[in-house]
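What follows is chain A paired twice: with chain B in the first complex and chain C in the second.
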Partner chain A sequence: MFQDILITGLVNGGVYALLAVGFSLIFGVARIVNIAHTAFYMLAAYCFYMLLVQYELHFAIAAPLAVIAVTAFSVLCYRLVIEPLREHESAVLIATIALALIFQEAMLIKFGGNYLGIPSTLDGVAVLAGVTIPYQRILILVVAAAALIGTWLMLYKTRLGLAIRSTANDLEVANLMGMNVHRVAMATVAISVGLASVAGVVVAPVFVVDPLMWLSPLVTMLAIVVLGGLGSLKGSLIGALIIGYVEAITVFALPQGAFLKGAVALSIMVVVLLARPEGLFGVVFEEER
Partner chain B sequence: MYLLKRAWSEIRNEILVLPSRTLVLIWAVSLLLLPQVYGDAYVLRILTMTCLLAIFAASWDLLAGFAGQVNFGHALFFGGGAYASAMASQKLGLSPWITVWIGAAAATLLGLIVGYLCLRLRGSYLSLATLAFPLILIGMLFAFPEASGGELGISGLKRLAVSPTDNYYIAVVLMLVSVFAMWKISDSKFGLVLHAIRDDEVAVRASGINTTRYKLTVFALSALFAGIAGAVYAHYLRVAGPSTLETALSFQVVIWGIFGGVATIYGPVVAVFVLYPLTEWMGSFKGIGEMRLLFFAIIVLLVLLFMPRGLTPWVRDKIETVCPRCKQRNGAWKSQCRLCGAGLKGVLTAPGAIAPR
Partner chain C sequence: MKMDVVGLWQPSPNATDVTAELSAIDRAGADIVFTLLSGPVGVVVGRQMGERNMKAIAFGINVEAQKDAFWQATAGKANYVATIDTFADVEMTPKTIPFQKAFKARYKKSPIYTAGTYDALHIIKDAIEKAGSTESEKLVPVIEKMSHVGTAGTLEFDKRHDPVWGPGKSTGIAVQWQNGEQVPFWPPNVKGMKPFKMPGK
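This part shows the complex of A and B:
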């Protein structure tokens, strides 16, 4: 059981980290609380399903195609819906909720409400220290790690990354230094949704795909982001591992654990917030007055 | 006779002078008269639900719009009220007229707890943290299915009244009373302090005001109204289920609040009265019925693109103008302020003023 907890926690933590880092990024740069973030994750899973099962493409082609399509779509949504509302924070908030609902209903109409299974893309298991791990789960870990390292390299080694970090730090000064903050925000949306859609594509063969699959990771992701500190990438990563392990421990160790896993994870977030209102690694944003 | 005259002059001087107040009066009177004219059970049912949800939406606005504590888990108070009332009614066998108050008390308690836990949080942290509370409660309810009925909830509750018309009147009167009460609260000195807390909490504290007490009070008040709405809703539908605690309901109330216009109290009420019957009505068509949530979201999105501040502030600015001197509102057709006599039209072209380009 101990090894099960170790592996499940790591895999779930990896997926949550992909989601939470993207969410944190867009919050830090553009102050958008993007409720539709996990809806893009759902869209990517559906897109992958459509390409793989209905068009019978090879998964190595279908997966990047799905990620690219959803990312391009998110940039379109940002330009059409979010950008005209940027001045009104509350309007942006419910615009993202409305977008998420639209995606959910559109998928419900197109594919129906039943659970869709995606055939496993990698068969076989590896035996490691007495635990059998399906290759599929190892794939999730490898992809999550690669995507996170890629994001880190992009943020800290390229000029675009510098622009993103400085915009997150101080929007007005970044603007004065000649950065096109709208362009930067758009690039950030693309990166953030790109990470979410990678998560959607890799988990699709392990979990089931259904139109409501965005809700429960949404809440967990928000808990992680708040736990780690809004806008902090390191916090999101560590928060994701914490919540991933807490959920794994609850499910394996407690009776009725499956019902309680959300409640326990969220309670931990509340406890952390009571002790440290800005989260574990939160940056205290200057008061906007 | 004197009283009648007095009442008429009150109405003429205070209500009929402003188109928005006239609209509110017409709306309230027509809600009260509707069953006498058109007593269709289906329409009454929809409007009963609309009234209860309107209380719920207005209570969110009291907390989020006025005090700036943007709550993403407002369903906690609605569902808490519903479950507490249902449990009291089912396990203790009390009459629903009593258990509704037990539900309201339970919701107020929940409001105080959440308010206490969230005292140090602000902004987006508060919103995202409050999202967690209803889900924690759902988790606990599912873990103890004997007491809570698990996923099915507690069903077979007694109704407050038997006939649809009576239920309708209970909901309408409750709605008018509580919305008026909330409007009065938000218009009082207490509401002014809440405004100030939203805009700058540090400055309010520096002015010697105990913001902790104000924040706890507004959490409790908001939860109280939401709890009453939830309890009556549970008795009306005769079931208190997990759907009253879902994230979807919390998001729904945020959508109503912002769609109608925050910090107005009447905004969310108007939004519920527009959106809820609209979605129900669309649901009655075959073919469109399954897509009603899709249409709902698209309508919300389109309205926001044109009226980013919400529906009611947009409408109010069209039919009324603000006097530049005394800041009182006037009908848009007036050329002189009704209170201080300042000119309302052509102010910008008056001598000495800079002409608009």
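This part shows the complex of A and C:
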């Protein structure tokens, strides 16, 4: 049972991390609470479905095309909807909720309400320490790790990363130093949604694609970023693993209450917040800022 | 035949991942996964059981597995998943196959349990005609005595006004997904039933 928990928690945590890190990134840099974040994840899954199943493109073409298309679309949404409202945080929040609902209804009209399935990129299973793991899940873990390492390298080894960190540190000073903070925010939106799109593309073959698929991960993702400390990338990563493992432990320790795994994860978030209202890494994050 | 209950797992109806539950079911050594599923979790259970090459058979109620779209939704991974259903190309009554064909021709998909409303409407229509009234006080005694040969079975009602279940009355039809086809296999004495298959055979 220990091995099952170890591997299940790691895979689930990897997917959550892809979503939570992107969400946290855009909040940390631009103070945008993007409720539509997981709706972009849903769009990527649908886009991938359309290209792979309906247009019968090869996986190697369909997957990057879906990620690029949704990322480009997110930049368009940012320019048209979010940027004009950026000074009003509550308006941004409401606008992104509206965007998510528009995406949901658009997918319902285009694809109908049926649950859709995407063929696995890799078929077959591996047995590790007595635990059966489909190759697709190993792929998810590898892609999640690669995407997160890539994001870390971009943030700490490139000029764009430096600009993003500077803007996150102090937007006004970054602006005074001659950085185009609007472009930095736009690039951050693209990176953030890019990560969500990658999650949508790699996860879609193991989950079910439907117009409401953005809601459940949204709640989990919000729990993770609040648990880790809003805006803290390290906090999001660790929060994702905590929630992934808490869910796995709940199912194994409490089989009759498996449906409670989300509620247990949220309860832990509440307990952590009662003890540390700033989240696990909130103070460190504030010091960094 | 002796059977042991090795565990009870209750995933959320909206669960998008049941890996942990299936790992635990594997560990418990279950031969049959008796499903009571409605909602997207039915697709997820069917697909992920197939992906894991689980030896256990899934049988019970899986509403999503009643739909034509189930095979596509599971990306063809749900071989051997079985569920109780309401309609199939079998002669539950003389009306079953004509209704099935007419429904498919009109709606381009097979009927599921919701199409049982068709029988319900005919029961009400017959009762209104016999009672000469639409008042419930007059309709109930008529329906209590009624034996209605419907599209999904012969409907009669017991003292508690529940449908009488059993062979020759109303049983439902058990179907199993076999290589993309929904194959009816129970009740066995009905014309059109085919053999149930086990994984690995």
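As a working rule, the second predicted complex is superposed on the first by the 280 of 289 C-alpha atoms of A that agree within 3 Å, B and C clash if a C-alpha of one lies under 4 Å from a C-alpha of the other, contacts with A are read in each partner's own complex, and residues count from 1 in each chain.
What we mean here is this: a contact is a pair of C-beta atoms (placed from the backbone, for glycine too) under 8 Å apart; a residue touches a chain by one contact, two chains touch by 3 or more.
Values in this document were obtained by computation on a predicted structure and should not be read as measured data.
Participant: Classify the contacts of A:L18 with the two partner chains as first (chain B alone), second (chain C alone), both, or neither.
Facilitator: neither
Participant: Touch test for A:G262: chain B only (first), chain C only (second), both, or neither?
Facilitator: Once the two structures are laid over each other on A, A:G262 reaches both partners.
Participant: If we overlay the two complexes on their shared chain A, which of chain B and chain C does A:V206 touch? Say first, second, both or neither.
Facilitator: In the superposition, A:V206 touches chain C alone.
Participant: Regarding the shared-chain residue A:P119, is it in contact with chain B (first), chain C (second), both, or neither?
Facilitator: Once the two structures are laid over each other on A, A:P119 reaches chain C alone.
Participant: Under the stated touch criterion, name the partner, chain B or chain C, that contacts more residues in chain A.
Facilitator: So, of the two partners, B touches more residues of chain A.
Participant: Let me test your reading of the model: by the given contact rule, A:L148 touches which partner, first (chain B), second (chain C), both or neither?
Facilitator: neither
Participant: Go through the superposed model and pick first if A:A106 touches only chain B, second if only chain C, both, or neither.
Facilitator: first
Participant: Contacts for A:Q136 in the overlay, against chain B (first) and chain C (second): which applies, first, second, both or neither?
Facilitator: In the superposition, A:Q136 contacts chain C only.
Participant: If I apply the document's touch criterion, which positions on chain A are contacted by chain B in one structure and by chain C in the other?
Facilitator: Looking at chain A, the two contact sets intersect at 256, 259, 261-262.
Participant: So in the complex, the part of chain A that touches chain B is made up of which residues?
Facilitator: Interface residues on the chain A side: 27, 33, 35, 81, 84-85, 87-88, 90-91, 93-95, 97-99, 101-102, 104-106, 108-109, 215, 218-219, 222-223, 225-226, 230, 256, 259-264, 266-267, 269-270, 273-274, 277-279, 287, 289.
Participant: Inside the complex, what are the residues of chain B that reach chain A?
Facilitator: Per the touch definition, chain B meets chain A at residues 70, 117, 120-122, 124-125, 127-129, 131-133, 135-136, 138-140, 142-143, 200, 202, 247-248, 251, 254-255, 258-259, 262, 290-291, 293-294, 296-298, 300-301, 304-305, 308-309.
Participant: Spell out the part of chain A that touches chain C in their complex, as residue ranges.
Facilitator: On the chain A side, the touching residues are 1, 4-5, 8, 11-12, 114-120, 125, 131-132, 134, 136-137, 205-208, 210, 212-213, 216-217, 247-248, 251-252, 255-259, 261-262.
Participant: Spell out the part of chain C that touches chain A in their complex, as residue ranges.
Facilitator: Those in contact with chain A are residues 7-17, 19-21, 23-24, 26-27, 40, 43-44, 47-48, 51-53, 64, 67, 69, 72-77.
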